[in-house]
Each structure stands twice: as C-alpha cells, then as structure tokens.
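For clarity, chains are labelled A, B, C, D, E and F in written order, and residue numbers in each chain start from 1.
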Amino acid sequence: MGRFQPFHLGHLAVVREILGERPGVPLILGIGTAEESFTWRNPFTAGERFEMIDRALHESALGPTLVVPLGDIRRHAQWVAYLKSMLPQFDRVYTNNPLTRLLFERAGYPVESPRLVQRSRFEGVHLRACLAADRGWRPLVPPAVAEYLGEIGAPARLAMLRPQRSAPSEEHTP
Amino acid sequence: MGRFQPFHLGHLAVVREILGERPGVPLILGIGTAEESFTWRNPFTAGERFEMIDRALHESALGPTLVVPLGDIRRHAQWVAYLKSMLPQFDRVYTNNPLTRLLFERAGYPVESPRLVQRSRFEGVHLRACLAADRGWRPLVPPAVAEYLGEIGAPARLAMLRPQRSAPSEEHTP
Amino acid sequence: MGRFQPFHLGHLAVVREILGERPGVPLILGIGTAEESFTWRNPFTAGERFEMIDRALHESALGPTLVVPLGDIRRHAQWVAYLKSMLPQFDRVYTNNPLTRLLFERAGYPVESPRLVQRSRFEGVHLRACLAADRGWRPLVPPAVAEYLGEIGAPARLAMLRPQRSAPSEEHTP
Amino acid sequence: MGRFQPFHLGHLAVVREILGERPGVPLILGIGTAEESFTWRNPFTAGERFEMIDRALHESALGPTLVVPLGDIRRHAQWVAYLKSMLPQFDRVYTNNPLTRLLFERAGYPVESPRLVQRSRFEGVHLRACLAADRGWRPLVPPAVAEYLGEIGAPARLAMLRPQRSAPSEEHTP
Amino acid sequence: MGRFQPFHLGHLAVVREILGERPGVPLILGIGTAEESFTWRNPFTAGERFEMIDRALHESALGPTLVVPLGDIRRHAQWVAYLKSMLPQFDRVYTNNPLTRLLFERAGYPVESPRLVQRSRFEGVHLRACLAADRGWRPLVPPAVAEYLGEIGAPARLAMLRPQRSAPSEEHTP
Amino acid sequence: MGRFQPFHLGHLAVVREILGERPGVPLILGIGTAEESFTWRNPFTAGERFEMIDRALHESALGPTLVVPLGDIRRHAQWVAYLKSMLPQFDRVYTNNPLTRLLFERAGYPVESPRLVQRSRFEGVHLRACLAADRGWRPLVPPAVAEYLGEIGAPARLAMLRPQRSAPSEEHTP
C-alpha cells in the first residue's frame, strides 16, 4: 500500500523483497488516495501511477502482482472493511504505517514490516522536490519510470505545483 | 468495461476476441459500480469480481490484461475525464453501450463494438436468477469462477438478495 | 433497527418483548435512513422520529434504551463496520431483515428474530396511507405518538407527499 | 425553479407573466438537478440549459433575470437553507410543486402559483419524446432554443438516451 | 455540543450545571464530528464516545439526557437546519463557540454560555497528550470513563496516533 | 474565476479590462468554492457574493456578464470537464492561477493573464483583515458592495471568524 507519487527505486526494492519471500504468491499493490492528482502531494493521477508501476515491474520482470487503485474513505473505522471489499483475497499485510498496522491487527490480520519500507517513506517528498527542480531525480526511479516521467512532462508539472514561499500554507487550487 | 456480476463465459469470449485482434496489446478491464455489493443487481464486491476475473484469465492463459475497479461518479459529463484519470493509457474503447459510445466519441476516441458484447449484456440477469435458484449456472461461467462462486457461497447469497414478489419495488436494505 | 416512519404499536411491542427477555440490559434502537425526510417513504426527520420514540417509551415506562440515528452508507460491505463505529457496545442483533442477518452473521454476531418484527415490517406503508387519508391511524400508534403527530401536522404532510396516480413513478422533489 | 430539460415555451410564458407582475424586480431562475446530464430525464448539462435560457430571454428581450444552477442535496429538511445560501436575496417563491410550497411556507416565505406553471410541468416529458423522434418539437420551444438544440445535436442525443422497451426499468449507464 | 474526545470532568461539570438550572428538562448532548475516529484530534469512534457519556452520566446519576451523534456537514450555512432535522425538539442552545452562537442567534434561538464551558474547551488537547504518555490522565476523567479507557486500550492508541516531531504537519493515514 | 470574498475594486478592474477587450462578448464570472461560507477564508455565502457582484456591475453599468456559482470538486483531473458541463459556452479562459492555466492548456483552451489579476489575488486576505478590524475597507470595494457589506453586518461576522492567536491552527467550527 502506498501513494507512489511517483513509484521509485525504494518501492521497487520492497516489491522485490516481498515477492522473494513467498515466490509465486501474488502481491497486491494498493494505490492510495487514487482520486487526488495535480497537487504537490499527489501530482500524478491513479492511471499514471498504475502505468508507472506496470512499466517498472515489466522492466524488472517482477511478478505476480495485482495493482488496485483505492480511494480515501476518510473513515478509519471502516478502512479494513473497505479494503476487504475492494481487494482480491489476501492473508497478510505489509506496512510500516502504525495506523494501518493497528487497524489490521485489531481485525486479526498478520502485519509485517519490510525492512526497506520505512526508508522509502521519506523518499517521496525529496523526489518530488528533485523533479520540480529537474535535477537528480533520474537515478532515484526505475529507468522505465524515468522515461515515462519524461513523456508526460513531469518536471514542468511539479515545478508548477510546488508551493510558493510567499504563500506557504496554501495549495494551488484552480 | 462491465459490472461482471458475475464474470461469465460471454465476458470471457469478448476478452479472447479483443486480445486476439491485437496480440500483445494489453486489454484494460474496468469493473463498473465497484463500490456496490450485496444487492440483487450487484451481489459481489469489487474484490470478489477481481478475484473471479483473475482466476478465469489465469485458467485460460489469456493476457496481457489489467483490471481496474471503477466507482460510479453519477456525473456523465465527467465520465470520460474520470476514466482517463483512473486508467493506464488506452487508445480505443470497446463497448456496445450507446451512452459510453456517445461520450467517448464526443471526446475523440475510436469506439468499437465486439460482435459478442451485445449478447453478453443480457446474460447477467439470467445468470443471477440461476444462481438464486442454484440451478443451471455452472455451465454459464468458466470452471475457475464456478469453483470460486461455490467457495464464497454465492447461491445462498443470491437467494437471499432476490427481490420478493410481495414487495417487488424495494431492494433489501440492512 | 428500523426507520420508524412513524414509530407504531408494532415497534413498541417488539421493544417490550426484547427488553423483557434480558431485563436491565440496554436496548439500542438505530433510526435508519436518518438523513432522509419529507419523502413519502421517509416523511419524518430523524429528530422527529427520535422525539416520537422518546415520548412513547417514556409513556410506557420502558427502558433502558438508547436511540441512535444512522445514515445510509450505501456500501453494504462496510455496513457492519459502520454500525460498530457508531453504536455503543452491543453483543447481539435483532432483525428479520435477511440482508442484515446475513451481514452480521458473516461478522460473527448472534442474530435473533423477534416473533413480532415480521408483522411490523408491513405496517409502515399501511400506516402512512392512513395518515395521508387522516383516517384510522390513531389506534395504530402509541397515544404519545398520536398526540405528537397531531402537533406537527403529520396528516397534512403525508397527504402532500403521497405519490399521485398521474405520475406514479416520481417522488415529489423540490 | 425548474430543471428546464429543455427550456420551452411554457417556461417562457411563466417568466413573462412573473416579470410582468412586478416590473423591474429581478427574477431568479434556479436550474435544478444541475449536476445531472446525459440521462433521459436530464439530457442537457447545466451549462447547456443556462445557454438556452440566456438565448431565449435575450431573444424575447425579457429581464431582469438571474440564472443560478443548483445541485440536488437530497436532504429536504435543509433545502430552504441551501437555497438561501446559494441565491441572491429573494422575498417570494413561485412554484406549483407541493413540496417546495410546503418547505418554503414552513420557513415563512410567501409562495405563489403562476397559472401557467402547472401545465408546463407536463410538457417536459412530451417534449423529450418529440426530440427523440425528431418530430414536432420545434414549435414547442423558443426559436433561439430550437436553433441551439440543433447546434448541439439534441435529437440524436435524446434518441440514444431514450429507455428501450426491452429493458424499461434501467437507464443507460456508461 | 462537543466532540468529547474523550468525555472528561469539565464536560461533566457543564452537564451538571445545565441540568441544575432547569430540573427535569432533558439536555441533548450532540457528539460532533461523529464519523471521524482513529485520528489524533478524534481518536475515539462515535460509539465509544456514546458509551463513555452513558457510563459517566449513569455513574453520576445525572439526567434526563439524550445523546445524538452528529456528522460534519461542512456547510455552515445549513448547520442550523441540519441540527433541527437531527435533534429532538430543543428551545435553547448552550455554547461558548462564537460561530455556533452566531449561527443560532441568526436563526432566532436563545444562546447561553455556561461559565465552565470555556475552560473545558482547552482540556481535550492536554488530556489526549496525557493519555498518549499514559500519565496523569485518570484524575481528569470520571471514574467510569477511566475504567472504559483502560478497557479499550486508549493510552496505546493515543501513543500511536500522536503526530511525530519529524513530520509534524501530517496526520497518520492508513 | 475567483472566490470573491468579497468582490473588490481589483476584481472590478479586471472585469472592466476584459470586457473592454472584446466589447459585446459576454464574460462569465465563476464563483469558486460556492458551497463554503462562514469561515475566515470564505466568510460569505455564494448567494451573498452573487448579490455583491450583481450590485457592483449594475452600479458600474458593466456588461454583458453571467455569474455562475461553482462547487469544489476536489478532483483536479476532472476540473475542466466539470466547468464545461456547468458553464455556458466559452472559448477562452482568463486566469493567473498556474494550475488553472495548466489544466485548461492541456485541454486545448487559450488562456490569458489579465495584467491586473495577479495583484488582486493578494487583496482578499488584506481586505478581510480590514473588515475584521472594521477599518480601512470601504475604499477597497465598490460603493454598492460597501453598502451591502454594511447591510449584512460583515465587519462583525469577520471579527468573529478571525482565527485567534491562542489557537492559530484551528478554524472555528460549530
């Protein structure tokens, strides 16, 4: 589960690690906050993120995986029930997010924390700043994602969405 | 695009036909009305429908395909924009639904009507009635789906959700 | 759990029966479809229904009970999780609604069907028709509710909301 | 207040009558169910309806008027408060809809029923059927609206949206 | 009206004061932001808050009171109409919140400010911090609430939900 | 497009400039965030803002203009489709907001930046602070707006809605 804004090498390493632990067992990747896009925090649409993941996994010949976009329901007490209704069958959860851990443990699921997840959580912000400056972002993402980010003009989009110093508390809204 | 309540042999035939026309080009299957479940019209959750499709395609060794659950946005004028934001890149649309055809043609997409789609549109209602009566439904779905429908107790669920004659206009609501 | 449009003697009998089975154990009455009002199916606001129940239980000296208005979440797969988050602790469910029974049994709750519930399900429609005709409704509700329905001008409201023969399929909308 | 699907001569006559009663006092036209479009009941977008009204009033040199699109809030008990917050100041309401009358009278507004409104309520359905058959609709709308409906291809759209006999209970959904 | 996260001695004192002013007149306690839970600002579900209030009032033998969970409607202009439709009849409002005061005074209600309300407004944040540190919170709540908070493992939940220094601006989201 | 909280001389100058460039071509003014009111950022209802604009344009004999309230849809990827469905026909967009520019340019619209818009963007916050202090705001708005703001007691409302220093991060909520 992640927002994958964008999908980077940290995400890829986690996917490889989990798939390696249980070869042949499909991994479900939930794309969080799917309905949000064109904001600084979530610059890419769910479809664009799906495309990135699909290209990167294909490039690395990783699988089997299933990708599912997930909306924000804003009601944490129903979060587990929502995921159970939207996802194919699953029997364990991988996360380092303490709230996700709490909610799934309350519901009786085994929850595991891949060693690499924690680190990758902090790479998203840094990577978006690199994209906005169009500097140093290519080594942080899989080659297929780098190519795709170029195709869709990601650096220009990020530069435009970056919050300005003169009005730091306010996202751009159309 | 379909609701796949449940995924049946008509759907499978259409998938096979489209994949055969453009070998190697991924087909995106959108699961419509994803947020609805446990109603007569939409008895299965999006996750259960995803699972059915995944098992059936795997069983038939069909691919490449991508499955994406899609909510109802109830605003037809934004439907094309919504799909573009939720789906990986696509360049043509397969449908026999006249409204989907109209909306995508207005947006400049090529729209095609697979010969088999029309027929399959009417099989969903019939199939749900067979499931509710637990009679004659197995030959209408792929073997993997038949097995899955058995696992989750679909006939009993459908029997319970079937509208009663004495109150025909009202769905069960909890 | 019910919509209580309005609260009538059938509802009161069920409350009395359940309270009698487990004296001293509080009964929670969930007011369903709380956000809807001024329609033929749901003519009274959640607040008005709360007021009716409160007056009727007080009049009959029945208790202990807790009344909780509940919105429609339109996502059956999350219905049990929603109720668990909105209601005080409960350990069994009373209903004759087959979907409510199914969903709570799937979640592991004991579900019971009070003998009288079934009958009371069909009294709501009849009672609203009587109110719209302002004839024969008083013996069907507790005295305190009859008085309250008079105070708020219920017969006139129902007469206005009744669907007309000339346009039977369409609710009045403002 | 109306849905104006489409704006026809009955609507125009009502506007003329009300403006004639209080010359110089602006009339507010609320476009109801603004967010719905491309359905049989609401085939035109709020913007298209705004355009029709604007052209028709300009053609007839009627004024002053203000046009305001209004969403459905589905909570009748908040309907008056919603309208008060969305509309410029108003001091009376014109309607023959009994629920609108009830809600505004409860809120203390004078409510009037223009003689012509009742008749015009039933022209919408007939007019949409004429459009779908592309026959006999031109004399029912102002010339400017007839021209506009031609520009946007309204007859073809309506023909496509018309519910089919073989599945009468189900709107087309994309 | 309050969010009661959690229900503490300040809230209890206000309830006692208001009930003392008009003995026998029922007091309605509205639980605000009912749909939010498992956040730092709103850690407890509406049902848990209802349970706390119910136990605390029973313990103190205070009454008569009615408890009603209330959603956030995010449209202040409709707030009074929403409350009128959700609550049993009421004839005055107790608050020190200036916006609640403004909106109800505009609607013609008498609004009173209990002496103790102001102080209690600031105790919620402090109390949640004490719970997260599991230190010094027991004397701030009624004994029945202290016992209940223990039962549901409140300190561990709050410790987990507390915003971290390293990412102060972002709530945990699953 | 703007939120017009409130409509001030900067807005009026932009309207005059655009109307001057294309005499006789109607200008559409979209009132953004129409559903929000009684907050510090959006103190006035959509109806009040409509009233201000209508009075100011009438006072200045500016026209032709059309005013349309627009909700926030929170889904940027559908923003252009939403506006196209809600507004009468338009063929160019005036804005200095970089996100609006980006989204409309992606959709193929010509986008222009009136010289004066930039400046006016920053006047809203300052003007609201002046209103809250009831000092120096009259020269910043058209005379008709100043009169209207007096009629509806705007200074008192703003003073009440102003965030307090002691709790700077939290809007008043009822």
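Going forward, contacts are C-beta pairs under 8 Å (C-beta built on N, C-alpha and C of every residue); 3 or more make two chains touch, one makes a residue touch a chain.
The model shown is predicted, which means the values in this text are computed figures rather than measured ones.
Both subunit A and subunit B are touched by C, F.
Interface comparison, D-F versus A-E: the pair with the greater number of contacting C-beta pairs is D-F. Of the chain pairs B-D, A-C or A-B, the one whose interface repeats that of D-E, sharing more than half of its contact pairs by residue number, is A-C.
A separation of 27 Å divides the Cα centre of subunit C from that of subunit E. The mean-CA centres of subunit C and subunit D are about 36 angstrom from one another, to the nearest whole unit. Remark: subunit B and subunit F have CA centroids separated by 44 Å (rounded to whole angstrom).
In subunit B, the residues that reach two or more other chains under the touch definition are 37, 45, 75, 77, 84-85.
Taken as a contact graph, with one node per protein chain and an edge wherever two chains touch, the assembly fits none of the named shapes, being neither a line, a ring, a star nor a complete graph.
Across the whole structure, chains are in contact as follows: A-B, A-C, A-E, A-F, B-C, B-D, B-F, C-D, C-E, D-E, D-F, E-F. Within the complex formed with subunit E, the subunit C residues making contact are 26, 34, 37, 45-47, 50-51, 54, 66-69, 71, 84-89. Listed in rising order, the residues of subunit F touching subunit A in the complex are 1, 32, 72, 74-77, 79, 97-100, 102-103. Against subunit E, the residues of subunit D that register as touching in their complex are 75, 77-78, 80-82, 84-85. The part of subunit B that touches subunit C in the complex is made up of residues 35-39, 45, 157, 160-161, 172-174.
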